[in-house]
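Chain IDs A, B, C, D, E and F follow the sequence of writing; residue 1 opens each chain.
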Amino acid sequence: MILGVHDLAVTRGGIAILDGVGFGLRAGEALILRGPNGIGKTTLLRTVAGLQPPRAGRMELPPEGAAYAGHADGLKATLSVTENLTFWARIYGQSDIAPALAAMELEALAGRPAQNLSAGQKRRLGLARLLVTGRRLWLLDEPTVSLDAASVGLFAKAVRRHLASGGAALMATHIDLGLDEARVLDLTPFRAKPAAPGQGGGFDDQFDGAFA
Amino acid sequence: MILGVHDLAVTRGGIAILDGVGFGLRAGEALILRGPNGIGKTTLLRTVAGLQPPRAGRMELPPEGAAYAGHADGLKATLSVTENLTFWARIYGQSDIAPALAAMELEALAGRPAQNLSAGQKRRLGLARLLVTGRRLWLLDEPTVSLDAASVGLFAKAVRRHLASGGAALMATHIDLGLDEARVLDLTPFRAKPAAPGQGGGFDDQFDGAFA
Amino acid sequence: MLALLLRDLRLATRAGGGFGLSLAFFLIVTVLVPFGVGPEGGILARIAPGILWVGALLSCLLSLDRIFALDREDGSLDLLATAPIPLEGVVAAKALAHWLTTGLPLTLGAPVLGVLLHLPGSGFAWLTLSLLLGTPALSVIGTFGAALTVGLKRGGLLLSLLVLPLYIPTLIFGAEAARRGSEGLATATPLLMLAGITAGAVAMLPFASAAAIRVNLR
Amino acid sequence: MLALLLRDLRLATRAGGGFGLSLAFFLIVTVLVPFGVGPEGGILARIAPGILWVGALLSCLLSLDRIFALDREDGSLDLLATAPIPLEGVVAAKALAHWLTTGLPLTLGAPVLGVLLHLPGSGFAWLTLSLLLGTPALSVIGTFGAALTVGLKRGGLLLSLLVLPLYIPTLIFGAEAARRGSEGLATATPLLMLAGITAGAVAMLPFASAAAIRVNLR
Amino acid sequence: MSIWEYANPKKFMQTSSWALPWVTGLAVVTLLTGLVWGFFFTPDDFRQGATVKIIYIHVPSAMMAINAWAMMLVTSLIWLIRRHHVSVLAAKAAAPIGMTMTLIALFTGAIWGQPMWGTWWAWDPRLTSFLILFLFYLGYIALWEAVDDPDTAADLTSVLCLVGSVFALLSRYAVLFWNQGLHQGASLSLDKEEHVADVFAWPLWISMAGFVLLFITLVLLRTRTEIRSRRLRALEARERMA
Amino acid sequence: MVELGKYAGTVLGAYGVTLALLLGLVWMTLRQGAKMRKRLEAQEKRMGRNG
């Protein structure tokens, strides 16, 4: 078991968004989060990544943590493709970026400053970063935004290779990634219900009756 | 004829990207631009919008200009949904924002500051802005990024209504918008070829032989 | 245009919008100077008009990058450039909004800070008048600098570098008027020059700024 | 961590990265003061150490928002926070990079600007020494302020407002040491205090900064 | 044949490569003549002593500092009006030279000021104007560095040069109003009283000519480098698209 | 040799600074020129003279 999530509740801006979310992810498995806009996919992924604390529930994560890729790609506009990728590789203690460049077909752009890439090329570079983290668990928030069909294919191939080598991936997306083997979890049923009066655990739920 | 584009060449960072692009758009028509990442869809749309000068060719635009919606939505994080929309309506000399809110199902979020919207909700607000411009020609760059299936449906409905009322739309996208009546133009064949030595019109093409 | 002005004023007065912060910065610069040069009243009184002008100028400077950079980042500037209002009007509305949220409060706040620096009694009126005449020029010139650097990531310091030499004539005449006023000398010439600079800058620079923005957007 | 330090230095020295610009700002503040207070050598000499310290402090201040804001905007900070290096280390590397690109150049540039303000000959060595001891504290304290405001759009002026009170002790002792030095008095006490502030800030503040960033990210 | 033909880089490269050896040679000869004559073979001034020898570098560099900016103004205008690429590249090429000239005038003036006025620096109007000019150069160069699309940078720096020139003039008057100053008046003027003696004037004229020629040489060299870098950019773009 | 008297330091300093700055400028100009020429030649060799 790489990731276990039990009865998790997440909040955004102090307000409960999702409640009672639970799932597990074994080596070689991928799970796709779905749900309408604003249901809380981004919030859930950030919580699992450890960027914000859960409101309730429990998570089991690999000891070394997960590799997170959000809406923004963490690229420096004035550094070249190679320099950007090398930096992240060194941060994660890796050294070889050539396979990542090859996997996302970025070799031809290697010397180009990131600011001169198109939207999709930037995104491909952002995904190449995942390959140099060496982490087993990937958390991806709408990874294929702006990608054309060929690049979505590259991405799917990279995910498959990652799964085959014993990794796992949790992804939020609205479109079809072409990863038929992945399980799908629709978050709609977990939408948080307003806490019953006096029942919620947080400070904000303890007011009922205070101003009688 | 709402938009006529003849033999257009566009540049990015001083470098020719597309060459000889031509198409026409009549009232009630929609055209979808396709092509791999980095082919120049964004650049073409910005050129048609008048944000950058074409390198060559001719465009016929409606006298009042076009409504452009790019990757960024032009939202102010601290203003509410209503305030954001009212501002753009006033800039375009319109006053009624209620239909736009309704078309994008934003009524429930009307008082919420834009910073507290999810990625898809922001995008919906960005598209609602188009409805308050009163312009006949829409130029849309990846309009459905981050939208869920239901919102893509809303968007398609809004475009159809716009076309039915005599408008036209030019859109760049990688995914299926469910607008089957729209024509599709693949930009791949228009990729600019390096100017033949000494033939190009720009300063950068006049060098050949300069260093003999 | 009015819509734009009102929106900018509303944004500035919202939380995090920066209204009052440049006034606060002015306060802090004025407070730091006595810590730096020591507390003797005589010297402070002597340098007060100059320091207040320099402080007002710096606070103005620091708020310049808000003029266009935010609109550029969230795409509003692209949309404004394709909207049915002339870009010169956009620029003028932005400069006016900047003056209303920065220059005017600084002008009104300066006399209060003058007390901290032992500004002589006769100097208050002249200080206020010179700031009132001079700060519009600071806003308009600053808008030009902001327009030049709008395409650059965090152009803040470059912006300062470009704008400061342009500010020098305004500073010289403004501080000179305030200093002469506080020493009881004639102030007509520097005040006239100041008014001339402001009038000229307001009349001409919006065109240069709009041109710079057009270049930066393409 | 070393990778981060090197990246930040590289980013700073790239075009538009802001290296040298804070030095330029220092130069400009120093130049503006005579325009404000008038050209008389005696007065300038008297206020020179204080103005130079205030100028160095302000230039330092203006470059603070680059420390984290850019990384926040492009998502790097989220990624660094989930990376296998302690956030305290990230903060320390950032503060060091800031000092190397700001505090150190300011220290080296100050004597040259001293000439413009007629700093007395005996003052140069003490000015440099006090800046050398004091600027690391400015960088570390500034990093803390930047960490507190990292979540805010254009928090620049708010950042100044938060950091300036924290800068005051450093400024007082630094300027005092420089002033006494230029007047030929004993400087040991303020210099010792300055060294103490720097040592304390370097030892403690990175923890507070890392905590602030964690809070701001969630 | 009009000067607009030099908008073609090929034409400019050919002509400049033909002219360069001549201009360079002439520059070296005049500069050496002027400076050697001035340094070794002129008498001391009765009031200023040997320091008067500084005039042979101070005045020409001060003059070139202003002339370089004037040239940048003209070439920038030509770019804005006629889209003459070589013209704006020449403006870009001239800026670091003008800035160096400004620095030389400032440093030699400061060194001269030490014995003459007893201070390295005084807020004299002419000195102050030069300091401001230095800031303008700095801003202009920094803007070129910061923008990476060459035509965008050309447009922005040209607008800055235009607006900056107006404000530079304005500063000059402001500074004169602000402080009357210690500095020498123009000593090569026709006014008899102020006229420097002929023994000093000849080498001064020659080294001024030398500075002008040196400026032309350097502008040509640097413009050629700028044109090459545009060429390299264009080739790299072609390679990328191929 | 010329006699500079008590102003030797001043005059030599001024000439020294000037020479240093001028030589620095000339050296930078030539070095940048040579570097650009080399890069351009390498690129032209790689691509053929006209791309």
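We take it that contacts are C-beta pairs under 8 Å (C-beta built on N, C-alpha and C of every residue); 3 or more make two chains touch, one makes a residue touch a chain.
What you are looking at is a predicted structure, and each value in this text was computed from that prediction instead of being measured.
Q: So chain C and chain D: same face meeting same face, with over half the numbers shared, or different?
A: Homomeric contact, same residues on both sides for the most part.
Q: Of the pairs B-E and D-E, which shows more C-beta pairs in contact?
A: When the contacts at B-E and D-E are counted, B-E has more.
Q: What is the chain whose Cα centroid lies farthest from the Cα centroid of chain C?
A: Centre of mass proxy via C-alpha means gives A as farthest from chain C.
Q: Please identify which chain has its centre, taken as the mean of its CA atoms, farthest from the centre of chain B.
A: F
Q: Could you put a whole-Å number on the gap between the CA centroids of chain C and chain F?
A: Each chain reduced to its C-alpha mean, chain C and chain F end up 41 Å apart.
Q: Taking the mean of the C-alpha atoms as each chain's centre, how many Å separate chain B from chain F?
A: Roughly 50 Å separates the two chain centres.
Q: Taking each chain's centre as the mean of its CA atoms, how far is chain E from chain F in angstrom?
A: About 16 Å separates the centre of chain E from that of chain F.
Q: How many angstrom lie between the centres of chain A and chain D, each centre taken as the mean Cα position?
A: Roughly 37 Å, centre to centre.
Q: Out of chain C, which residues touch more than one other chain, so two or more?
A: Counting only residues that touch two or more other chains, chain C contributes 16, 152-153, 155, 158, 161, 164-165, 168, 172, 218.
Q: For chain F, jot down the residues that touch at least 2 other chains.
A: 40, 44, 51
Q: Specify, in ascending order, the residues of chain A that touch 2 or more different other chains.
A: 71, 77-78
Q: Considering only the defined contacts, which chain C positions touch chain E in the complex?
A: So the residues of chain C touching chain E come out as 144, 148-149, 151-152, 155, 158, 161-162, 164-166, 168-169, 172-173, 176, 189-190, 193, 197, 205, 208, 211-212, 215-216, 218.
Q: Considering the complex alone, what residue numbers of chain B touch chain C?
A: By the definition above, chain B touches chain C via 46, 49-53, 64-79, 83, 87-88, 90-93, 129.
Q: Using the touch definition from the top, list the residues of chain C that touch chain B in their complex.
A: Interface residues on chain C, with respect to chain B: 3-4, 7, 10-11, 14-17, 73-76, 78-85, 217-218.
Q: Where on chain A does chain B make contact in their complex?
A: Against chain B, chain A makes touches at 13, 35-38, 42, 71, 116-121, 124, 142, 145-151, 174-175.
Q: Quick one: in the complex, what on chain C touches chain D?
A: 16, 18, 21-22, 24-25, 28-29, 32-33, 35-38, 43, 46-47, 49-51, 53-54, 57-58, 62-63, 65-66, 69-70, 152-158, 160-161, 164-165, 167-168, 171-172, 175, 179
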